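Consider the two complexes below, in which subunit A is the common component and subunit B and subunit C are the respective partners.
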Partner chain A sequence: MTPPRKKKMNLKQRYALMTRGLDWETSYQKMDDVFPYDTFEGIKITDWSKWEDPFRLTMDAYWKYQGEKERKLYAVLDSFAQNNGQLGISDARYVNAIKLFLTGVTPLEYQAHRHFSHLGRHIRGVGPRVAAQMQSLDELRHAQTQIHTISHYNKYFDGFAEFPHMHDRVWYLSVPKSFFDDACSAGPFEFFTAISFAFEYVLTNLLFVPFMSGAAYNGDLATVTFGFSAQSDEARHMTLGIEVIKFMLEQHPDNLPIVQKWVDKWFWRGHKVLGLVAMMMDYMLPKRIMSWKEAWEIYFTEAGGALFEDLSRYGLRVPKYADIATDEAEHISHQNWAIFYQYTQAAGFHTWIPGDDELDWLSEKYPNTFDKYYRPRFEMWREMEAKGERFYNNALPQLCQTCQIPMGYTEPGDPTKIGFRSSVYKDERYHFCSDGCKDIFDDEPEKFSQAWLPVHQIFQGNCGGADLSDVLKWYHMDQGIDNMDYNGSPDQKQWDAWQAARKKVAG
Partner chain B sequence: MAVVALKPGYADAVEIRDRKENFHGNQVVYLHWEEHLSFCAATAFPLPPEMPFGALTEKLIPQFYGMHPDFKSLDWNSVEWKIDGEPATPDMSKSLAENGVGHKSLVCFRTPGLNGYKGSCS
Partner chain C sequence: MAGMVSITLQNNDEARPVIESILHDNPNANANYMPGAVKIDCPERLVVKAESVSERIGRDWDPQEIHLTIVSMGGSLDEDDEELVLSWGA
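Moving on, here comes the complex of A and B:
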């Protein structure tokens, strides 16, 4: 007798078998013991099967699809290297944006990989568990492809070589690092809200569009290609972010206030971290795409506005302090670049005063504020530089206990006054840059009173010594090579020599 | 509100990282020159609580703020002080502690008539 021919399963059936079909209810152990992390936050899930899978990919299909993308990416990277792609960029100053990306963002991709794999084990519902497993692989791939892409620049420019070491130690990198540490040390639902929703859904375009369009405008084909290669993953991650929020809100009405609190918190934290991108867009790209303020209007005010209108049917409202964040879009890039300009001696990339045409561009893009508040600041520094008295801030800055950024942000509505906020917890005083950061602390002072603030750590003697040179050594930053102004840097000398050689060839 | 933690007793086991005891006999003091935002933020110093307040005006502030073009016109007699947000008239010969400057206190000074490069508060 011949066995009946097996019918080929359709995609949907295959998907069901290869994901949900792999799950079971435990019997020797209690489910609560097997999944100890997914209830303590207070999120109530009554029916995990209601989860709508955002990825709809099985592992074998995922493998095939990603493998193809990888082959394309590495073909482009090879030809970029063979054709000396580094010579085709707009200007060597551009490379500093990539240094910021590799030291500040790529390690977060790796952290995301680690934490999604944790969720891929520890979420009780099989739908989100599978989604987290796949995202975990995406994030590992992002970290790897970014490191491989950028390794080409490391052959020719300074500031790249010690990126993982720097990420864990350098003062300004504690901003993205502590952001992610905060998320990873929270429960799984808060992590999903923080990373999948607030960051990857609400704010992601404000990270990826500036870097990827910035790369395209400035002749960095390699970075554009890894951006494209990550794009289809990002689309899935966004779907996961929105599904998580809807799922929590649909499962139980008690979840709403918890979710709202997290949305408020992570919107604010994300907005502060993105200030680094704002500065990159307005100051570090030799060929600019649009201003940070314009990007904020398109990707947060308009797109975010539509999103929160849609979510209002669940009772969710626009994040608290969204209006303040929008007001800050006028200031944040200038204030951040000013921080790095005056602490250039401790920065792992180069700084500069914008040229006249660049100052004019800023005046045009920020007609309400730039000429009045920020242009004079740069002009004063330029005058001092011309007199041989380049302005360095030789004292360490006060940091915000929550976002860990130097407290250089001004009062809403008054750009002439620094905003100071503080709280007392267990007889200790804590300082914050804003109401948003203060609220986050006040809600969980136990957590944030443990913050590893780089400035206080230097004072406590935990960063290699008390002098700048000791601390730079501890950061693995080479004095006079990785840090300081672009003018006079080895990067600049190299670039100028290349340009001179090209002119000679062109005759 | 208090943290929602997985581990029972988490809140009580917290080690506050920046307790005064961790600064080797110093306390952290923040200084800020108002309306001079070319100094991007207040500055932080580990200082002995028994240091006279006058050392700020004689040593620290000239050393770290002296490069500002406004500094040469600064008249210490007309300076308005604030300690932790409250207006203050510090006694220069007395210590920081006696003047009410504690661990992680913020000392602000305003210089009427001097408000940054070309009056821009920079």
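Moving on, here comes the complex of A and C:
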């Protein structure tokens, strides 16, 4: 006689068994000795079992779905490479956005992998520990798939080859690098707030949704595929972010001021880092889907508004300076592109003045600011270029001690005046681009006074020498190949040759 | 004002029956198409029913298959064997 068929467990039972059921209390070592890092930040947790993973994903299901995602992704990547997908993109200028992505973002995925692995060992509660372990694997997958995808572009375009070396050295890459260094050198709850909540939940949609949709629109089959494959993990990371915030706030009322301070800090830091994405969307996509300002309205003002309205029942308020960040969405992409145009000689990707149709698009999307403050500047630079007097800024800029961005941003409410703030700490004066960055420093001066600022390091003689060519060598940038304008670059010559060949074939 | 919840899915063959089910089961949902993806917004609450998707694809659909096509979301999520719910205040 065959035994009766066993009833299958439901999702909640499986989740309980495969996470909680795998945990144990230590007996011959104290729990505090086994998990030494999860108390020093002052976050009080009374009951770890209250943690719930809303997706209720267990390790076995995780492997199953990740395996399927990988098979699909690699089929596309292989096909893209086999069929010369690089010929089908909208324009070779587009590739410069991908250069910035690989040098600026991909190494952050690897940093996230490392630190989530640390949390996957060191968080006392088994629910978040398992979630952190999965996220650690996700982040490693993201780094690998991005490198793999972009390795195809590296065969045809300049600026990719030295990406890990550049990430640790180049002036503008210190912006995303220092953001992650700051998070990884914080305690576990601050890291969760920084990366899982402020970055993944509140801000990362701005990078991965409209920008990846832009990749699709510009014919970059490979990037959109890794982007959306990564983003499917990201949805899970977002639930981790929101759960960790709710969990901390529900566990003890004393946690609120600590969490609020972190939310304020990491919203502001994330907003500054994403200024690079603003520029990628408004200036570097030849075919555009939405402006940075529109993306900010959808993903921060609307989505963030609903989120913070929901969290207000715990006493959490909208991040400090959110109004100023929203005001800056009118300016940040234009000011950043202007910085890179002026310093194109030291950038690992190409720059250009937008064409008339692109300037018109910007005028239409930014009716309050573009014609008044930014279009005349780009038109003047275009005229200077035509006269053979292309403008280069040969002075090294002062950097903000906190976000490490050159101090080119303007005062809230006055786009004609550069913003400056400063603080004195142990008899030294430190400079900031904004009140947000100054507040962050003033709260942790011991930490931020040690920042590795690229311009200071060049002046101190730590970056290969005193001349631009010495520094470029130290960056591993090839003069006249990786840097300077798109017009006249080897990338452009090759792209034009491909287009000419295409016309010839078409007859 | 009711908080909007949202789910963004890839706009591909695998996601289309899921998108269709969501729009059928949530009359107040609104789909915004962009290259490669669809962002579906709905006031207060949005449900993805396994039964609806299963009917459309002619086999049992496990709500965890959402992991293959989801791009992003807004709201608090709750998932079991029958459905996946996004809402605020949960």
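Just so it is clear, the second predicted complex is superposed on the first by the 491 of 507 C-alpha atoms of A that agree within 3 Å, B and C clash if a C-alpha of one lies under 4 Å from a C-alpha of the other, contacts with A are read in each partner's own complex, and residues count from 1 in each chain.
Simple rule for what comes next: contacts are C-beta pairs under 8 Å (C-beta built on N, C-alpha and C of every residue); 3 or more make two chains touch, one makes a residue touch a chain.
Note that this is a predicted model, so its numbers are computed, not measured.
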Fit or clash - subunit C, subunit B, common subunit A: fit
Partner contacting more residues of subunit A (subunit B vs subunit C): B
Vertex subunit A, arms to subunit B and subunit C (CA centres, degrees, nearest 10): 150
Partner chain in contact with A:380 - subunit B first, subunit C second, else both or neither: first
Partner chain in contact with A:208 - subunit B first, subunit C second, else both or neither: second
Subunit B versus subunit C as contact partner of A:240, first or second or both or neither: neither
Touched partner set for A:359, first subunit B, second subunit C, both or neither: neither
Touching partner for A:263 - first (subunit B), second (subunit C), both, neither: neither
Closest Cα approach, subunit C to subunit B, once both complexes are overlaid on chain A (Å): 31
For the subunit B and subunit A complex, residues of the former touching the latter: 1-6, 10-11, 14-19, 22-24, 26, 28, 30-32, 34-35, 37-46, 63-64, 67, 69, 84-85, 102-106, 115-118, 120-122
Complex contacts: residues of subunit A adjacent to subunit C: 10-12, 54-57, 61, 65, 68-69, 72, 205, 208-210, 212-217, 224, 228, 231-232, 234-236, 238-239, 242, 289-290, 302-303, 306-307, 309-310, 313
Residue ranges of subunit C touching subunit A (in the complex, touch as defined): 1, 3-6, 8, 10, 34-37, 39, 64-65, 67-81, 88-89
Residues of subunit A that touch subunit B when the two form their complex: 36-37, 40-42, 187, 335, 338-339, 342, 372-373, 376-377, 379-381, 384, 389, 391, 393-399, 406-408, 410, 415-418, 420, 422, 426, 428-431, 442-447, 449-453, 455-456, 459-461
